[in-house]
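Dumping the structure here so I can ask a few things about it.
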């Protein structure tokens, strides 16, 4: 088969779900597949350059044990989701676009976004780039 | 390419995720694609006709700043997710079905659902309608 | 059409989302489709054999009414998500794999997992098994 694009609508801005985004992105990129991330809502908010390396919390279900597990791995040197995405982008084929509607909602300007973000696009552009490939919503 | 159906399993009933459903539905419909929504659990509950226009809250991660952003946009006249879905249905090609198992779980009768909902179906009917097209879980 | 594999990345470990996983798995299996579950994070935690039958809570949005509805159905004899998955596996074609990175994160050993789990794999193996078939993230 060719290398079909994997598209991910990133909605959630908690560190656990963004880590899932990063792992799934890095894995697909390692297989040579193009990956297209579309940042909406709280995920977009997490990509502001003044807070991308901040603590974005975990899903409520993580609980104290989950919090402790994540902290222990980070203390042991595990890359953050932002670092993992930077590494995946260096492999090539990873594109990260902000959703224009969510930019309006959160009153974010492109200058406020981390350089990981390649640009801003609307939902129809997102669909056209995704084609008939797989789309995840995270 | 033809216009492949986009299917969305709608699970979450918070206004932010339902707004994401509405935006992704409207965008696909604007491209001429058929869209098939399958309402489960808390999303189904949000489509009761006596509460579809109520406040359904946001994901916990939204926080106070997220709440404020959503309220400001609504005050500025942004359409609610239900209004966006109504408009998308007028374009044609958008079908909204309630999951029969979730109807039983929540003891909802078809008469209690908003007219946006076209009917009730089981999960196998959902898969048959989705074919090999894209499926999102929101 | 042939019977394309349905792949589900299971991230959330609450009983309502795991029930959605079980229903979507059982429905696909009933149609003769292979189903491949990939357990990450809190979903993986829920498959520990010493707690798979415990109460894993619901999404916060469920509220008191949601809690009551789920409890009523369980009291009426509805199968738990774990039971539904066991039944689906007996039909054949359902494979459940733990994500190796999440095993490390949560310091879980394979011996601690419920026998429902068939093994441990990395994300690239997951993608290769999924091929170009549908992938859901729950």
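When the chains are written out, they are named A, B and C in that same order, and each has its own residue count from 1.
Criterion: a residue touches a chain if its C-beta (ideal position, glycine included) is under 8 Å from a C-beta of that chain, and two chains touch if they have at least 3 such contacts.
Just so it is clear, the structure is predicted and the values come from calculations on it, not from any experiment.
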Could you work out the angle of the rotation that brings the CA atoms of subunit A onto the matching CA atoms of subunit B, rounded to the nearest 5 degrees? 120
Same or different interface residues for subunit A and subunit C, judged by whether over half of the residue numbers are used by both? different
Report, in whole Å, the distance between the mean C-alpha point of subunit A and the mean C-alpha point of subunit C. 23
What parts of subunit B, by residue number, touch at least two of the other chains? 59-60, 134, 136-137
For subunit C, which residues are in contact with subunit A within the complex? 9, 11-14, 40-42, 45, 56-57, 59-60, 99, 101, 104-107, 122-124, 126-128, 130-132, 134-137
Tell me, which parts of subunit B touch subunit A in their complex? 1, 4, 16-17, 20, 23-24, 26-28, 30-31, 33, 59-62, 66, 69-70, 73, 133-134, 136-138
